[in-house]
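In what follows, chain A forms one complex with chain B and a second complex with chain C.
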Partner chain A sequence: MSPQPQAAVGVPLSRVDGRLKVTGKARYAAEFDVDGVVHAVIVDASIGRGRITGVDTRDAEAHPGVLRVIHHGNAPKLPYRDNPGSNNLPGRRLRVFQDDKVLFHGQPVAVVVATTLEAAQHGASLVKVRYEAEQPSTDLAEAKAGEPTEYARGDAEAGLRDSAVRMDLTYRMARNHHNPMETHATIARWDGNKLTVWDKTQWVVGTQTELSTVFDVPLDSVRVINPFVGGAFGSGLRCWPHTVVAALAAREMKRPVKVVLTRKQMYFGTGFRPRYEYRLSLGSDRRGRLKATVHEIDAETSSYETFEEAIMLAGQMFYSTPNVSQAYRKVPLDVNSPIWMRGPGFANASFAIESAMDELAHRLRVDPIELRLRNEPAEDESNNLPWSTRRLRECYTVGAREFGWHRHNPKPRARRDGDWLVGLGMAAAVYDPNNMEAHARARLNADGTAVVEAAASDMGPGTYTSQTQVAADALGLTMRAVTFRLGDSLYPQTPPHGGSMTMMCVGSANLDACNKIRRQAIKLAVEDEASPLYGAKAEDIVVRSGRLHVQGNPARGETYQRLLTRNNLTHLEADGSWSGPQDPERHSYYSYGAVFTEVGVDAALGLVRVRRMLGVYDCGRIVSPKLADSQALGGMVGGIGQALLEHTVTDHRDGRIVNADLAGYLVPVNADIPEIKAIYLEGEDMQADPLGVKGVGEIVQVGVASAIANAVFNATGRRIRELPITAEALL
Partner chain B sequence: MHPFSLTKAANTREALNAGRKGGRYIAGGTTLVDLMRETVERPETLVDISDLPLREVSVTERGGLRIGALVSMAESAAHPKVRSLFPVVSEALELSASAQLRNMATIGGNIMQRTRCTYFRDVTADCNKREPGSGCAALHGFNRMHAILGASDVCVATHPSDVAVAFAALEATVHLLGPDGERTVPFADFLLRPGNTPNREQALRKGELITAVEIPALPRPLKSGYLKVRDRQSYEFALTSAAVALHIRSGVIREAKVAAGGVGTVPWKLPAVEKHLVGERPSESLWAAAAERAADGARPLDHNRFKVALLKRTVERQLRIVGGTK
Partner chain C sequence: MSTELPQSSVPPPTGVDEPSSAPTRRTFIATTTAVGAVVAGGVIGGTLLVDDEVAAAGAPPESRVSLTVNGTRRTVTVDNRTSLLDLLREQFGLTGSKKGCNAGACGACTVFVDGRRVNSCLTLAVRLEGAEVTTIEGLAEGDELHPLQQAFVDEDAFQCGYCTPGQIMSGVGCIQEGHTGSPEEIREWMSGNICRCGCYVKIVRAVEQTAARK
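Right, the complex of A and B next:
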């Protein structure tokens, strides 16, 4: 942080953009008024694999209002240059309308452009596409895996052999979709060779680089704008085909074009959390100390790209284990490419590992928390680095106390409430906050207001608010005097808004820029004979509410306004940056947590209802407590969905997703959400970054599904190793 | 959505005229408009009947209840007479859909609603109900939510309504008005099993309009209630459900009305269960023995085998909730 007093950071403030949102004035991608815009609706492939043998557009084109139908037979060839700096996955990205191949059910095969949305929709239903269909391969359980990514230390097989206790367990996790409220949308407009795009994205810079490479135009001739995101959970982490479709259609039509995906199209037009099979063998001594673990992990990916996420890390670093071996196999299927989803990797790894630890605890008759404490590592055993901060023990202690863990009866089926069996469960959580280079630019105006700009995003966690808090304190201004702007690729570059890195990376760059300005102003004052601060020591000066003064002597000082005006300065400006990870790293940085839950199970009817839940988190400094609390509640709700409801179902006969809407893909509703509570341990991690933060948004979904599954076991004696946990598994 | 024209009927005569010419009636539109958006339904003409005088709930001379076709689900559920005479109807309605939908949707529309079968709702899939002769993708597809009772080889879709299960249990009648005048159809005959014509779902003649649903009088005291088992606690269709009404006098069950939802191609009346109950004294073992008959004739599919056991347990549970244990 800085020597500045903290007036905003750490204070539970409401969202600075809350009023805009509740009054409908916050403009989302599809809502921008762009003169002359026409509407485009994408036609999705209705086969799971094969080729297009013909596209009959006559009826569509005859429909009043339809301007054109674009498909592989008439679309221009696009350069599709490589884009190594993006979130594109290894492989060959899907190229829209460039050939006759169908790689998955729902792939865009044509687009209908019309003067009205209704005409475009109807036109799309009139396009007749003929196919030569092949049998798609979409079943993880049936398909052949690719080459594994491996990790090993010690001799895991020998470790297992020599262990007094050995368990071989298989966990399965369904495919999940993000389902943000706002569906993905793009408006694209070309002015000569310059392209402006309003796009729902968690990374305007990512969309900018992708469009620049797809169309082979200079980076600075593409501008991407997206000030508000109506939820994303990862679905906006890369530029999807429909964004290219919008830009392609706009160029062909020589008019701005808007594409809004339907809810159904969100199931194959954007990514998903892949389905997993996680086979875990663990060996321990009779006291439960782990000797060896073997992790065999299979996950879905597409036939054209290889999706990887941090599924392996938890198995390497979380518990002290001398012998570990892991093989992570990506199974190419005739599906669209997956993408990161909240708590990526860890939310699934933890279901396997934390369920297994619960199974081990039960088998050894050891309290689940005690078992975990017996396996606490002194350092990160995957790289022998010391922890920056790891306050997991405190998470357990605080959580156990606040939740009433002493009421946990290790014997299943011990507690009953009418028709409900009641059980308690807990799980540990961990997340590796990402860390990448970021920039920000700050400007302090002579009127005492300031603006900070960064090409960041706010998909809901409250970036606008928390970054304003950081800037306000660093500049010594009130929240009102500071405006934080984001969501425009013209602003200084930032990493993707995901991976729990926005506060660490953008926040540190923002802090850097604002600290520079404050120091400039202080330098100006102490060197200015006309200033009451002339001759004072720079390090003794603080700024509060826009007034610089000597610490401990508030009378001696002056405002930014006076200082800048007297010096004939319209403003002070500074660029700030965060350089990303140290090289080499000196510490191992993770966020931690412990999740406790009580569930009721109506065993006769196969119903699971979460009755209460508590998450205790070690996330370093909490910049914006009210919003961090909302993050935790949202993450836990997401975890309840993952545990009990969320499941994208594919019909393997033709690769169709059969529940591609919110009636078929269930997410929790209010009635499913009981009393849930989050506690963040007070503190900071100054090894991690100048703000002392470790990231909040991802970890809060981790551990929830395993805590629920463990509670279901405690309630019923039934160990469910497959997500979601549904009635048929419990009957 | 395919282009269509919309007319508003000022009175019943106008509505019937438009209906006779092939117009589709629309009231709350909560099902029809959805399906039009998906192009599952492609009506050329819609006839808005929301101005017709069919918004009354009244007690019949003999103590039954007549609910006008245009009474909203929310109004029906909250109506004091419905609540006091037939709680099973109120409960079934309140456990349906969402508050917003219940405010829009009508009783007549509710019993006309079409299946939630995902293949029916996806125009690129084979569906005999939507496109006779095209095949049934659900039969060997993902059929967890589908019927275990009343299905045929050409269609296994469930009827999604909750309140229709209560109506079936209570042996309601449907009042119809057509070009040839009024008639009433027993509820059991109104909704049709798929057989070889799953596209034909109701015993409606061309242009006929539902004017009311009438629940016959039942001996009092009558206890009744509805249990809905579903994956999430609100805004979701039933895996299984049970509507139960019992008339118990002097400790003996004199009348039993039982039907199940979420399991049949139509709301599934359970006469074998009813028969098992009548003349007996309430007990845990009676409920279990009666419920054992709930899945008689069930033919489960690949993904809904669990429904056989779940149905029995749902009926058993609801018998106990309504009938008590002693």
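Right, the complex of A and C next:
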């Protein structure tokens, strides 16, 4: 942070864009009023694998309002240049309408463009596609895995052999879909060789580079605009085929085209959190100190790309373990490619590891928190680096006190409330916040207002608000005087809005830009004979509410307005950047948490209800406490969904997803959520970045599913090792 | 847990005996047929074929409808397949009502029709002759936010904001209906509106406080 007084950072302010959102005036991708726009509806493959033998478009094209049907038989060949540095996965990305191959059920095979949405929808139902179908392979349990990614230290097999206690456990986790409330959508418009798209994305720059490479047009010929993102949770981390379809159709039609995915299309038109099987063997001494762990991990990927996520790190660094061996196998299936989803990797690894720790605690009759404390490592044993900050013990202490963990009875089925068996459970959480280069540009106007721009996104955490807070304090302005702009590829580049890195990376770049401007202004003042600050020491000057003054002597000073106007300056401007910690090799950076929950399980029906939940987090400095609190509660709700409801079901006969809607794919509704609570430990991690933040958005979903599974065990004596935990599993 | 099919947040209408704006079972079915464009297909000898029986389409029927939206009387010609939601979003430029599922399962499209909350994605525009429609854009009095809109801002009862207009319309309905006796009752009567960002605790708080102020 700067030497500036903190008037905005750390203060529980309401959202700066709140009014736009509660009045319906915030515009999301599909809502831009683009002159002459026509509607396009995608036709999805109705087989799980094979080839297209014919596309009959006559009825569709005869339908009033339908302008054209585009498919592989009449679509232009697209360059699809490589796009290194993007979030495209290793492999060969899906190329829309470029050949007759069907790689998964739901793959786009045609698009119907019409003057109205109704005509396009009906037209899509009239396109007759003939296929030669093959049997798809979509079952993780049946398919053959690819080459594993491996990790080893010590001798895990020997460690297991020599352990007094050994447990071999298999955990399974269902495929999950992000299901943001806004479905993905794109409006594309070509002006000559220049392409503008309004696209739902967590990374306008990512969509920009993808379209530039797919169509082989210069990067600066593509502009991507997306000021509001109606949730995403990872689904917007890469550019999906429908965005290319929109741009392709717009070029063919020579007019703007809008594509809005249906809810159903979200299940195969965007990615998902893959299904996992996680086999964990652990060995400990009689006091529960881990000697060895072996992690055998299988996860879904597509036949054309290899999806990987940080599923292995938790097993390497979280508990002190001399001997570790891991094998992470990606299993190619006839499905579309997965993508990162909230708490990527860690949310799944923690279900296995934190459930297993609970099983070990029960077996050894040790309190689950005590067992974890006995395995607390002094350093990161995967790289022998010291922790930047690791306040996990404090998370346990605060959580146990606030939650009332002393009421935890280690004996299962010990507490009953009417029909309900009641149990308590806890789990630890960890996340590795990502870190990438980011830029921002700030401008201080002579009227005392400021604008900061970055090609960042705000899918809900409150980027607009928290970045305004950072800028306001660094510039010494009120919140009202600062405008933060994002969601436009014309702005300075930022990394994807995910991996808990927006606050750290964009925030640090923003801080850098604003600090530079403040210093410029201070330098101008102390060197300006007409300024009351002339001759003062630059380091003694602070700015409050747009007025520069000597610290401790508020009378000696002047406003930005006076200073700039007197010097005939319309504005001051600066670019800021962030490229990671100064010395990343010196510390191990993670955010931490502990989740406590009480569940009720209907003894007769097996229904599970969360009765209360508390999350305690060590995430460094909290810039925007009111919004960070909402984010934590939201992550916990997401975790409740992962634990008890969310399960994408595939019919393995033809690769069709059978519950591709919000009636069959259950997510938590209001009645599922009791009073839940989050606490952030006060403090900052100044090793991590100049703001002292470690990111919030991902870790808050980690540990929730395991805490619930552990509470279900405590309530019922039944150990459920498969997500979601259903009534069927408990009966 | 909600293991049942999510229901519309609208209680089933009773005693509807005239063509009105009320969402009847028939409206629901007709809308589902019109909006749910699905390719019919079947497996024949290992090859999937689209149903050849799909009728060649004629010109879609259109109708003239006069309705009042946020106090403004509008007369429009609509394709009979058009939902109220698509009429609002695509033709009137009122994009505050959101499309989350287009199947009545998420509540993002909630508006008032004749004072009652309905899922506008399941309401055919052609059935709304003479109806009074209120959307999120019509809730505030000029610059002054409706108390529930203000409570949503104050309580931070949203994150991405996409479900928010529907939550607020539904919340206003919930308060008007008197289903705010306890947090449990509010949770139940607000469960037709999904918030994927998970702001439920604060949505309940906002509704509860606004109801208490009345």
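To be clear about the criterion, the second predicted complex is superposed on the first by the 727 of 731 C-alpha atoms of A that agree within 3 Å, B and C clash if a C-alpha of one lies under 4 Å from a C-alpha of the other, contacts with A are read in each partner's own complex, and residues count from 1 in each chain.
What we mean here is this: a contact is a pair of C-beta atoms (placed from the backbone, for glycine too) under 8 Å apart; a residue touches a chain by one contact, two chains touch by 3 or more.
Predicted model, so just to flag it, every value in this text is computed and none were measured.
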item	value
First (chain B), second (chain C), both or neither touched by A:H122	both
Which superposed partner A:L666 touches (first chain B, second chain C, both, neither)	both
Which superposed partner A:I708 touches (first chain B, second chain C, both, neither)	neither
Touched partner set for A:L645, first chain B, second chain C, both or neither	both
Touching partner for A:K21 - first (chain B), second (chain C), both, neither	second
First (chain B), second (chain C), both or neither touched by A:S46	both
Greater chain A contact set [chain C / chain B]	C
First (chain B), second (chain C), both or neither touched by A:G606	first
Partner chain(s) touched by A:A400 [first = chain B, second = chain C, both, neither]	neither
Contacts of A:E31 with chain B and chain C, given as first, second, both or neither	second
Residues of chain A at both interfaces, chain B in one complex, chain C in the other	46, 118, 121-122, 125, 607, 609, 644-645, 663, 666, 668-672, 727
Complex contact set, residues of chain A against chain B	46, 118, 121-122, 125, 419, 604-607, 609, 644-645, 649, 651, 653, 656, 658-659, 663-664, 666, 668-672, 726-728, 731
Complex contacts: residues of chain C adjacent to chain A	1-3, 5-6, 34-35, 37-41, 43, 46-50, 52, 54, 56-60, 79, 81-82, 86, 89-90, 93-103, 105-106, 108, 135-137, 139-140, 145, 149-150, 152-154, 156, 158-165, 168, 183, 186-188, 190-204
Chain C-facing residues of chain A, complex	14-15, 17-28, 30-31, 33, 39, 41, 43-44, 46-47, 53, 56, 59, 62-65, 116-119, 121-122, 124-133, 178-183, 228-233, 260, 262-263, 459-462, 607-609, 626-627, 629-631, 633-638, 644-645, 654, 661-663, 666-673, 675-676, 727
In the complex, chain B residues that touch chain A	1-3, 39, 116, 118-119, 122-125, 137, 140-142, 144, 229, 231-236, 239, 305-306, 309-310, 313-314, 316-317
